[in-house]
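Letters A, B, C, D and E mark the chains as written, and numbering starts fresh at 1 in each.
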Amino acid sequence: MSNGTRIGGYKKPLAVVLAIAFILLVWQLVALTLPDFLMPGILPVLERLSESVRSGDFYAGLMGSLARLGTGYGIALACGVAFGLLAASLNFFREVLRNVIVILQSLPSIAWVPLFLIVWGFGNKPMIVVVALAAFFPAALSVMNATESVHKVHISAARVMGASPWGLVRRVYLPAVMPELITGAQLAFGNAWRALISVEMLVDFGKGLGRSLSFSGDTGDMTGVMANILVIAILAALIDQLVLERIKHRLLRYQYV
Amino acid sequence: MSNGTRIGGYKKPLAVVLAIAFILLVWQLVALTLPDFLMPGILPVLERLSESVRSGDFYAGLMGSLARLGTGYGIALACGVAFGLLAASLNFFREVLRNVIVILQSLPSIAWVPLFLIVWGFGNKPMIVVVALAAFFPAALSVMNATESVHKVHISAARVMGASPWGLVRRVYLPAVMPELITGAQLAFGNAWRALISVEMLVDFGKGLGRSLSFSGDTGDMTGVMANILVIAILAALIDQLVLERIKHRLLRYQYV
Amino acid sequence: MNLSFSNVYKQFGSLSVVDNFSAGFHSGEIVALVGPSGSGKSTLLHMAAGLEKTTSGTIETDAQPVTKPDPSRTLVFQEHALYPWLTLKQNVAMALEFQHVARKQAYERAATWLQRVGLDGFENYYPHQVSGGMRQRAALARAFIAEPEVLLLDEPFGALDALTRLSLQDVLLDLVEQARPTVLLVTHDVDEALFLADRVMVFSARPATVLKEFNLSHRERSHDLSDLAAEKREILSLLGIAVKHESKSEQSDKLAA
Amino acid sequence: MNLSFSNVYKQFGSLSVVDNFSAGFHSGEIVALVGPSGSGKSTLLHMAAGLEKTTSGTIETDAQPVTKPDPSRTLVFQEHALYPWLTLKQNVAMALEFQHVARKQAYERAATWLQRVGLDGFENYYPHQVSGGMRQRAALARAFIAEPEVLLLDEPFGALDALTRLSLQDVLLDLVEQARPTVLLVTHDVDEALFLADRVMVFSARPATVLKEFNLSHRERSHDLSDLAAEKREILSLLGIAVKHESKSEQSDKLAA
Amino acid sequence: ADKLKVGYLRVMDDAQAIVAQEGDFYKKQGLDTELMEFKSGTDLIKAIVGGQVDVGVLGFTNAISWASRGADLKVVGGAQRGYHSLLVRDDAGINTLADLKGKTLASQSQGSTADTVLRGVVLKGADLKEGDVNVMGVSPAVAVQSLVGNRVNAAFLFEPYDRIAQLVAPVKQIYEVGESWPFPCMVVITSGKVLESRKDDIWKALDAQQQAIELLENKPAEASKLIAQYFIAEPTLKTRKQGDLPRETVIADAIKTQEFTSKVTDKDIERMTELARIMEGEGSLKTKDGKPFDVNTVLDLEWQKARKL
């Protein structure tokens, strides 16, 4: 029973398009008032982008970032789900583990960087661990919380109908935790992405979008800075909207009819 | 109607204490297996902390960070709430603004650093802007969403009772959006804190906890790294639990009885 | 206060909900409105309260057209409309505070009314701390306290168990006897209508038109409805229910329709 | 199947909920359990279903002790217990699938049963897409489809409007006539108990003990309850309600108690 | 043989490492090398400690601050004598070091050798205390940018950025540390473990760099061709007064001002000890037992003895 003024139907994509247009417009207006070397307009940035796409530099950075993201995020999701389900079988110690996660989570993932760099030295490993750590916490927490909030009556009903333990897990627990699991996975993705870009900006190793951004900044190359910002924003939006939202709509179909 | 295994009463603080003990234990165990210069134990780190507290260095960094955090977070909250309420009075354009925020939010706040450094040069200003930006988005979004979800029947009931427009805002709208506003403010704090530490680590200017952390890392001073990580974690937890949770409990008293 | 509908039509978009409704209601009279779900009964009450505009036709109280809500016409909502952030006493007192009664006095009168509906001892409980039935009683107290001249009740006893329901019906009858408001009562319970009402209006399915009106004002009020068995049978059959045991197939047809 | 309770006690912690309950129920018989809210009626049904253990005493079906849930004893829960992620048809079919009936056949039988409760055309709707009454009907179909020998109904018609309620009562009577299960029916509605039951058991407030039992098996079932006026009056007075119009003060006293 | 990973910074001080790579001097020594760029010495030292890089050319303060914490590091050769100049904007009204009070100064990240010298020698020499000058740590390119954009009043720079800044920005040089306080800025660092297991390779690398130094010292124009694109992306540099200059010219000039040397002299060791005391004063160097750090513990100068430099 909401105010009823939410927008539906064809208006939603329209709002997204207008939002993008609005951002580009503001950018272009700022660019017009500032000197070129402080803020380039849209066109030179797009030119730079198409140039770097053609030259192949772009792919090296993109692939480097995506490889780190994929590895870190993948490890985090797998460990998070396993950890969450395992914790569900504990009782009081689960509460302790939850607090461990909550405390460690209050530390920005980037703060681990100096530690990991010293322990593992330069390289991909500390970066991937930071990304994984950033994603692990929300993933594990969401699964832990979800297993707790399965409705008791849903379990009782299945037992009355003669469900086997495995049937109970497969047909009641799993679909019941799915919404929170997916929300957790999306949250984890946002965290992983932020951690990735930060750690790439901070650690000067290998190729990556974050490093390419900080390099552009260090060399005062504003066109490069804007081009990289653009790529980072578009990529995050694409992965979230095209990949994660699709998976969500597929798995939670019943919520959208 | 949850599974009913959540822990209440005196067990909650116990779980927090055990969680801290668990973390410290793992740390100490790792320290025992690694050489000192890679991972110091708890004692030398505590010694270092008490030393730096006595020497006054600590306060300079703490104050620098808190000043940036306070300014950035304060600006962001004020602007976010004002923006959210203003947007509530718009109709379709609100949906556009919401999308603008969602898109900009997908960009890690740290990615703005190179841009702001070039536009405003080195100094506190770009750092504060990054912190404010990180906190602004969740604050504004939460207020925007909250104004939409005020129950229609709550408004109708007030109108039937003869409420004036100002009475409606003060006695219905404001208390109705309060829970989401506070959640948004807490989310915003987490974001601001993360952004602050990252930007301090990245930008070598002034004094600050993040900078002190990255300096320790750069000079191979693991004791300093761990001491700083400890301070950052404790501070985040303290601000969140002592300040924000208190304000929340005070303002949302009715939810806790 | 007399309440009159003249040729009232109501459409939501292309959905016709009320179709040429005309009727007059008088001070001290209880009129029950019964009819199938979704027929437009709530909509009628909302229009009488001034919360919805008529599509055409007029609603008047003592020859004054109804254009906006007014405390003299009070509506008890079908859904739970207490404010979760206020205690029961504060909720009830709010009706007076919106009319600028001093807080202290408002609280005193609220406490008295809570006692009348059997909620003494629960003044300082929040709505979520009490049962659905108790919430419903508080909502009634909030309506009664404003001493309305028109009382619009939308299934006010729906959420109550048999005991409480009977006792609150008595509170209502008592109030009507003393203050003589005009009462419109929507109910699904034919027995309740027969027990409480001076007149019973039976509505058709959407759009709402009056199928038949029963005048019961001559009879002595009693829970023993054996004198009204004929009326009951007719109302039920107007509502599409044959009293005698019907064949299953016909039943299912009716439900599926 | 005969269901018998012998000297059953039930405590939750130190709260005594059922106190020395002994009774026998027979195949083809409908027994209504009425009693104040919180008296322990649901607890009785849960124990009979095998979802709760007795504190002492035994429950047996045909001389076999009840130790765990079994599809031959089916419970329709007081709260909504459909799975939100399954369509109505899938929900109903689940009762068969847990008993290893092939999916195709399960779906076919589910569709038949949905038709019997008047839900044809809604097979592929999700629970949140239909009204509370329709959900309740689906829950009944899910219970009926397993052809249980003991049917435990916890206020199964509570959420329904008058029309649907009457029609589903007929579906139940029809089922009992054909399959002759043992039916325990908890209800707040005395009229419903008088219409449906062969025996009515009136419970005291917690801990539940039987105040009186009424045997109605001799009478012809009819919605015209004038023949049972004496029984109705006695049940209501056992439940603490005087039928005649009482003085207000006594009423409030009773409610506040 | 295994690839030898050589870490370097994109500054003139590391020219020998770059020239040895671009001029194939490593290859001629029979080494298969990979050049890895780092943003600062503080990053490069972590890579050496972590084993991702075998040998690097970087400021020696990095080596001693890590060695004092227990890391196993060795300085095996010299590279370049400190040449850092202090540039100020013409419009800043700064003529002496003392005028810096209250001004903004771009330096390198804290903990780097340049920053240590700036704080511990230059500013201290002018009686400026912590907090008197607003020091910010940035990359050299950003420092130049900041001078151009008038975001800082002064910058502590080294070649070639010092030269580039003078060509593109309205700045003047008021101080040069190499003149008043020459010190062994850049050295060749490796870890004790690598030195033990791949001593031959390290020595070969030192030989190759020695040849590169000879080229830099004797034929700067030729060396410039090898390395110019490392520092200036465009073929020409747009200067304020001299129009477009070819990048090779700019870099060749920069090379000429540098003093490259692969020998660590006794005087250098004295300077190192002096710097170690400065760092102890600052707190960036701390031994576990609290005793002054002995720089000799990180020196392994067998190569220069063997080569009789």
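The rule is short, and it goes like this: a residue touches a chain if its C-beta (ideal position, glycine included) is under 8 Å from a C-beta of that chain, and two chains touch if they have at least 3 such contacts.
What you see is a predicted model, and the numbers here were worked out from it, not measured in a lab.
In summary, no chain was found to touch both chain C and chain D. Looking at which two chains touch through the most C-beta pairs, you get A-B. Comparing the centres of all chains, each the average of its CA atoms, the largest separation from chain D belongs to E.
Rounded to whole angstrom, the centroid-to-centroid distance between chain A and chain B, based on C-alpha atoms, equals 18 Å. Per-chain CA centroids place chain B at a distance of 40 Å from chain E.
Per-chain CA centroids place chain B at a distance of 51 Å from chain D. Residue positions 1, 38, 117-118, 151, 153, 217-218, 220 of chain A each touch two or more of the other chains. Touching two or more other chains at once are residues 79 of chain C. Residue positions 40, 43, 46, 49, 138, 142, 145, 149 of chain E are each in touch with at least two other chains.
Under the contact rule defined at the top, the touching pairs of chains are A-B, A-D, A-E, B-C, B-E, C-D. For chain A in complex with chain B, the residues that touch the partner chain are 1-7, 11-12, 15-16, 18-20, 22-23, 34, 38-39, 91-92, 95-100, 102-104, 106-115, 117-119, 147-153, 190, 193-194, 197-198, 201-202, 210, 213-214, 216-218, 220, 222, 225-226, 228-229, 232-233, 236-237, 240.
Partner chain E is touched in their complex by these residues of chain B: 35-37, 57, 117-118, 121-123, 204-205, 211, 215, 217-222. Interface residues of chain D facing chain A in the complex, by the touch rule stated above, are 46, 49-51, 68-71, 73-75, 77, 79-81, 83-87, 94-95, 97-99, 126, 129, 142, 146.
The part of chain E that touches chain A in the complex is made up of residues 37-40, 43, 46-47, 49-53, 138-139, 141-142, 144-145, 149, 233.
Remark: chain D residues 36-37, 115-121, 131, 161-164, 166-167, 170-171, 173-174, 188-191, 221-224, 226, 229, 236, 239-241, 243-246, 248, 251-252, 254-256 touch chain C in the complex.
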